[in-house]
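Notes for the one structure printed next.
Letters A, B, C and D mark the chains in the order given here, with residues in each chain numbered from 1 onward.
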Amino acid sequence: MHEFKWTVRVYHEDTDGGGIVYYANYLKFMERARTEYLRELGFEQTDLLEQHRCLIVVKHVEVDYIRPAVFNDQLLVTCELTSVQRASFCVRQQVIRVDKPPEQHNNEESGSCLPDVLLVEGHVRLATLAADTMAASRIPQPLLNVIRSPD
Amino acid sequence: MHEFKWTVRVYHEDTDGGGIVYYANYLKFMERARTEYLRELGFEQTDLLEQHRCLIVVKHVEVDYIRPAVFNDQLLVTCELTSVQRASFCVRQQVIRVDKPPEQHNNEESGSCLPDVLLVEGHVRLATLAADTMAASRIPQPLLNVIRSPD
Amino acid sequence: MHEFKWTVRVYHEDTDGGGIVYYANYLKFMERARTEYLRELGFEQTDLLEQHRCLIVVKHVEVDYIRPAVFNDQLLVTCELTSVQRASFCVRQQVIRVDKPPEQHNNEESGSCLPDVLLVEGHVRLATLAADTMAASRIPQPLLNVIRSPD
Amino acid sequence: MHEFKWTVRVYHEDTDGGGIVYYANYLKFMERARTEYLRELGFEQTDLLEQHRCLIVVKHVEVDYIRPAVFNDQLLVTCELTSVQRASFCVRQQVIRVDKPPEQHNNEESGSCLPDVLLVEGHVRLATLAADTMAASRIPQPLLNVIRSPD
């Protein structure tokens, strides 16, 4: 199954006094990657709202903090669908520290010698709601078509 | 003129990797104090919106960062009206480090020996907008009555 | 076992364009409550660092988002120890919407008719690290004594 | 004088319940652009700290909020040096809404018909501090050489 990757740079705003990325901020990184993943699939959340009156909300997260990210780290945040239900879907997301900007990242022949390091792993369940009632609502068909068969 | 004070504790979320409060976060502290100041005057922003279709937005800020706050600091954030126009008003706000919780803060006879320290000073201009058009809109009369003569 | 409660007010900074509290921000609320819980037990994290060279970091979170909080909501955030190991401990935390400020909250005879509503529930595992090596490190004995027998 | 530009996408984390970017968050966008501007000049803040024991802190900001950004907006954040002193320097920064990703942005012949829109303008004064004493400290010579003659 397709695994989407999105680059995130760590800025001062992301760190805390311990010198590491504040634990809540990885959830921001993960949502940026989810937003860009949907955009790559052709779905803008603004369009989902306007055309389908559909909101996507987070219902559950589980996050393992393995190693900390620090200021200036270049991160890759992945997003991979793991299951799709009628009115919700689940993704697995990893935050990985890379040592080169993503442009060179896939270049096997480059001189990079430092391996990627897994920092954070999360599982997120998202639900689709009817914007007008905030009640659970089927995933709109065009979105369902795409995430059902992402490859 | 009345000077409102609101207590803010510095948590990890507020600091950055330099070990000090991140510069944007003082603007959060200042808005908390403004929200509580309006509440003390009897105005809930939710009511302003529902009853008067009025939003309050920030149009201009000017902030001096004098000394940094750090994790666990106990701060007082002030809010003092400095001018009122038809569709906007200005406040002066200070962020002050205190060495005791605010309950004991006014107790002249307490054993405190450390003086309060001014950390940040800001001037903020706020405008009232019509929620439906986002156009500038007079300050609703009940709010105007109160902020025109705050004492 | 003792359940600690800490009051949090929802400000504009906490909400997102959906009109509800952004999902990562509940983790901020939960850490505020943990910080205050340790303070109530007599432990300042600054002292833990200076006297014991001990940092507390989050290793795992699991969060259920049940109902959303909105601007101006008055919340109670709980913190309850669920287990203590050599170099880590776990807490259960709830975010509850209340309809009165916490001063009156325990007054059974008050005229309140709206029940408290559970919005978010989380389980957090925290580890103690040696600040100088960032390696796992036993919970300092004075803290262990207190959290081992919190009542 | 050279004007640096950095692209920022607006995510849910940046907006507030009013449906617009929260006013403090533009300061985050502006710092991202300053960090990338220094990186483009060849200066990593981590190196400045390690090699020169030099920290860069914000001493003063003045921000005009002209029009709001909303979720999904594609923004350009500029950074332009306006003055350099012994131990501080000033930048002018604009937040501009663009209608296309920056790759196509300079292509005069593209079919874009919507003009860029200035949303926010800020002036920021930054000071260099000695990390060990937190006292004002001359701008390190290599950085000074570059920002004195940026073109």
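For the reader, a short list of remarks on this structure follows.
Rule of thumb we're sticking to: a residue touches a chain if its C-beta (ideal position, glycine included) is under 8 Å from a C-beta of that chain, and two chains touch if they have at least 3 such contacts.
Not measured: the values here are computed from a predicted model.
Residues touching across the chain A and chain D pair largely coincide in numbering: over half of the numbers involved belong to both copies.
Two chain pairs, C-D and B-D, are weighed by contacting C-beta pairs, with B-D ahead. Farthest chain from chain C, judged by C-alpha centroids: D. Centroids built from CA atoms put chain D at 26 Å from chain B. Separating the centre of chain C from that of chain D, both taken as means of CA atoms, is a distance of 35 Å. Contacts with at least two other chains are made by residues 12-13, 18, 20, 24, 28, 31, 71 of chain B. Residue ranges of chain A in contact with chain D, taken from their complex: 9, 11-13, 28, 31-32, 35, 44-46, 71-72. Of all the residues in chain B, the ones that touch chain D in their complex are 18, 20, 23-25, 27-28, 31, 55, 57-65, 68. Touching chain C in their complex are the following residues of chain D: 12-13, 15-20, 22, 24, 70-71.
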